[in-house]
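The two complexes that follow have chain A in common; it is paired with chain B in the first and with chain C in the second.
Presenting the complex of A and B:
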């Protein structure tokens, strides 16, 4: 028996003391008082703008009123025309941005996951120098994305160190597939260590006895990885991957600075939206913003659906009821 | 035999660790080295700059670049955002960790979900609104939208910290005659100080790194934050990108964060993983 199902580790759920579990009227009032300021702020800075964007996406630019021939001071209501236009002639730029966004998300998150897991496995092996590694691994995370854009533009400069090392003369930051490669390299550099960090935290929660038992049963390193390590770090890894996906879907700073605004080969949905808004075309900009929002929402929903309660427990930070045993052990040792 | 294989294993592990650290630090090191070259040597590919020159750093602080002002703007925006987010988040997180009430899971999930939001989709309507009420080029036009990611981040981090503290603490204080509010003020907040501090660092770093909001809400150089200002450096000659001063400015913007990371790495890792691994 080499496969140890994660459920075997789970203890009977919900071990909370009774006092904490009871919802009283007093606690409810106090909670409402404590929670409402944050909810109010989020309503103002998130909910209200989202509703505004929805409304705004139904309006066209100020201009000549086709009926009266006068210049109108207000924006005319155009219904779903801003949305319909992505299927028309003007839609080419939108679809290019849409596919760029999707391509970047799939490729960067895939690479980050592989590199991050490899990093975590290496760090898990090392006993000394862990503080050094941990500090080193945090550096790419701490470098502002805007600065890492500049940093990589310098590395990928025509006379830069990337070309010197490769012995080639590639104009990385000009239009073309190599610009995409430059963005992917820079993004993966910044975020793979972060996945490594989260996976490492997951690895450290796996009890040593599980591995010893597997070794006794004659499981080799590969089998131990596939049948123990991966299933047990899955919750931590999935949350990390979900968050990376959400982040990659809204990518802006890196391609904007590394390659530039309005560059066909790297323009993402966020860049397109921001560009339209800064050109005072609020209607189309809002429509793109709404589409991006829905896209992000659908991907998140797909994750939750696909992966079940693991993730809801994880994203909800509600103590991971299903996997209570796994996570609570660390709380106890912390 | 076994000693040999363990030696091999640990040797391999160290080689791996060196590779990981090199992967993480090499590009940053390159920025540092490049910032210390003379303008004439900027395209050198030696690993150590020779001769060492601080010319680029002097260029950054040239008054025409307005970089000092940009740093100050970043400090104001990120600082106020952090303080506001922490104040609101402390209350919310305490309720989430300690009180039982209806819709708790739903509310927490919603708050966390907002941090996954594409920032650009709130920037567009807010940009229009702020244009109408004349808020463009003000600090509040950058601070208010920044709350959309800073507040969920802080709530999430603090909730996990409060959860790790035993319930008995307040119960003991309340048995000794404290009200719930006093128990919170006198017992919980001081004991949670390390967690609050960690959350403050993580929130500050996130706010300091912000680019899209600051780019959209400002068009006056004097109100730009450091990240935006650097991306718009023109340098003395307009024909060539001033890589030297960009690298020097990049180092200056990043070094405070790297120092924080080095000093508080244990705490930051605890905060980041507690937030995400749960």
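Presenting the complex of A and C:
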């Protein structure tokens, strides 16, 4: 955002007497005019809250005056202590939440990718009742997360369907690894269709002739999948996986509703942040939120730089994609 | 904010004036003056029974210049608390009269989110004493009880009678022996004995505190200091952990909230159930209609003590038209209106007299038991950091119930965490 000062660019350009320069200046001014509302909105809804959270994270919780029994009116400035405490004694809960978040992200996104691609391959086949199957697969994605949390809590109840199917009593919503499993099952059920949908869109872009040629050359279904389908669908798949990763990293409502608040086996960073804020400790809560923000940002950056995810889509799927994503994004905003 | 509190302090010191109206409240400097009349708002959780709006309509008709608008918050108590805190932290005047959960009083008072109230304006002496206690902070009145709630023991009269048990159990030992007798009946073969609310949530804090108090222990002492690492408290927690081990409480009860237990009881899976009064009318409409009754909660050596529920009404310190707010609270907590709330929403009233009202008792046969339960009740810890205290209690009690820790170890750890939480 900062590298595009639109007005500054536009003004000197206007004074240039060359005719061609004037034309670009006019276009630049128009571009600045068109983009500035978006930039303004972004500043208000993204930049300002982020800076406020950064500032708030430098303050500690308000103290209780034992004499009067009242909480002091101001928050003490503690500098980086909220961050430092993560490495101290109070850090156990943070690291637990951090590993839970990471674990959920890796496992659910991994499973979702495999299942989602399988779903897309099924949806892509031509067969009777395809529309029905497509609609059926997409239903979970349409259900709001909070509702699907309630739904799965019912399934994982002590007298619920899950135990009836398994034929033994597992108390899913208590602490323990089984609680993690419950969250993973519900999350994968809900979001695999999203990957399926994006991959399906990618599959439909692949021309039929490529497959025909491969078949002529004697490539079996497995080879065709590995050497044609997967590479050609990769851009779409990577975008889907990136979106899912960012979503999974800030997972909150599903474990909160399905298993419950304060459950250490499923507590994620978002839940920890919410818990601190609800106990009127906004400083530490902001610190956790900032760390989560950085974590998500780093993952997104890694995707863009290492895997060459094309966030904007469109032009130049082949070659130079390694850094293309980032550069194209700048061009698109400028 | 700093400058403002500095000026407030300076003004206080210099003139000795009460700066109640300035929004941040004057705290230790006595009761704020309740001034200003005009429209106000009443903020409470969603009214699922439809009893509140008619009440407000009656007030609005009588006070056309001081109209009350009803702001309904979500049903979930945590969400209500969060919205009220947000309103207070931004010093907004959108909320005037707050309907607070009984356990929030200390926190809201200590943060000066609510004003200290003049005691002489309310008929507190007619109310049940433990209920009035929940609306005090450090001895001062910060809210007025609007409703109360107490736990009761639901039991199957038909099965107890058949097994030859004539009276509901008053002690835990009696409860276990009654169960042993009932379990010998062929129709009770697949039943479990007892359940409460043992999932890791606020209900566990309620049930844990009840067990500890019913064995003569305490969670925090009168001045809010934790005192839970005692032999008495241990006997209380041992009752719960022991019952899980010997099967008195079924294994899956560790996932039970209020509704799970109610459904199990109504489905004939439980002989005894600890729950709130709301269950009574619902169970009357179920398969066990006429086959159950209520009794006070049992304890170690005699009747136990319940935890208190209920809602108290307070005035937001950043609100306007506080004179109207005070009158409105008086109106809402009047005997007449709490009677309506009992009749239409089955909310337990704070007034002692209503529990002895013959017409009401006929309609709600549990009222005498509920009164006894409330009179013997002990509030949950009345501390400023209630959120931290309740999560510590849930953490340790749950570890003990699931066998992760021994009762002794859990209580020892709890005492340590509580001391840290309260010192914060």
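We take it that the second predicted complex is superposed on the first by the 274 of 334 C-alpha atoms of A that agree within 3 Å, B and C clash if a C-alpha of one lies under 4 Å from a C-alpha of the other, contacts with A are read in each partner's own complex, and residues count from 1 in each chain.
By our rule, a contact is a pair of C-beta atoms (placed from the backbone, for glycine too) under 8 Å apart; a residue touches a chain by one contact, two chains touch by 3 or more.
None of the values given here were measured: they were computed from a predicted structure.
Student: With the two complexes overlaid on their shared chain, look at chain A and say whether chain B and chain C clash or fit.
Tutor: In the arrangement built by aligning on chain A, the partners chain C and chain B clash.
Student: Between chain B and chain C, whom does A:157 touch in the aligned arrangement: first, second, both, or neither?
Tutor: In the superposition, A:157 contacts both chain B and chain C.
Student: More residues of chain A are touched by which partner: chain B or chain C?
Tutor: Between chain B and chain C, the winner on chain A residue contacts is B.
Student: Applying the touch criterion given at the start, work out whether A:216 contacts chain B, chain C, both or neither, answering first, second, both or neither.
Tutor: In the superposition, A:216 touches no partner, neither chain B nor chain C.
Student: First (chain B), second (chain C), both or neither: which does A:171 touch?
Tutor: second
Student: Which partner does A:143 reach: the first (chain B), the second (chain C), both, or neither?
Tutor: A:143 sits against chain B, while chain C stays out of touch.
Student: Given the touch rule stated above, what does A:52 touch, chain B (first), chain C (second), both, or neither?
Tutor: Touch status of A:52: first partner only.
Student: Looking at A:279, would you say it contacts chain B, chain C, both, or neither? Reply first, second, both or neither.
Tutor: Once the two structures are laid over each other on A, A:279 reaches chain C alone.
Student: Let me test your reading of the model: by the given contact rule, A:135 touches which partner, first (chain B), second (chain C), both or neither?
Tutor: In the superposed model, A:135 contacts chain B only, not chain C.
Student: Which partner does A:252 contact after superposing on A: first (chain B), second (chain C), both, neither?
Tutor: first
Student: For A:38, select first, second, both or neither according to whether it touches chain B, chain C, the two together, or no partner.
Tutor: Once the two structures are laid over each other on A, A:38 reaches chain B alone.
Student: Taking the stated contact definition, name every residue in chain A that is touched by chain B in one complex and by chain C in the other, in rising order.
Tutor: Looking at chain A, the two contact sets intersect at 157, 159, 278.
Student: So in the complex, the part of chain A that touches chain B is made up of which residues?
Tutor: Within the complex, chain A contacts chain B at residues 17, 19-24, 27-28, 30-32, 34-35, 37-39, 41-42, 44-46, 48-50, 52-53, 56, 119, 122-123, 125-127, 129, 131-155, 157, 159-161, 164, 189, 193-194, 196-198, 201-202, 205, 235-236, 239-240, 243, 246, 249-250, 252-253, 256-257, 269-270, 273-274, 277-278, 282, 285-286, 289-290, 292-293, 296, 300, 312, 314-320, 327, 331, 334.
Student: If you look only at chain B, which of its residues touch chain A in the complex?
Tutor: 9-10, 12-14, 16-17, 19-21, 23-25, 27-28, 30-31, 34, 43, 45, 88-89, 91-92, 94-96, 98-102, 104-105, 107-109, 111-114, 116-129, 144-145, 147-148, 151-152, 155-156, 159-160, 163-164, 167, 171, 180, 205, 208-209, 211-212, 215-216, 227-228, 230-231, 241, 243, 246-247, 250, 253-254, 257-258, 260-262, 265-266, 268-270, 272-273, 275-278
Student: Provide the residue numbers of chain C that touch chain A in the complex, in ascending order.
Tutor: For this pair, the touching residues of chain C are 1-2, 4-5, 24, 27-28, 78, 81-82, 85, 109-112, 137-138, 199-201, 251-252, 254-255, 260, 384-385, 387-388, 391, 394-395, 398, 402, 404, 424.
Student: Going by the contact rule at the top, pick out the chain A residues touching chain C in the complex.
Tutor: Contacts found on chain A: 61-64, 68-71, 73-74, 157-159, 169, 171-175, 260-263, 275, 278-280.
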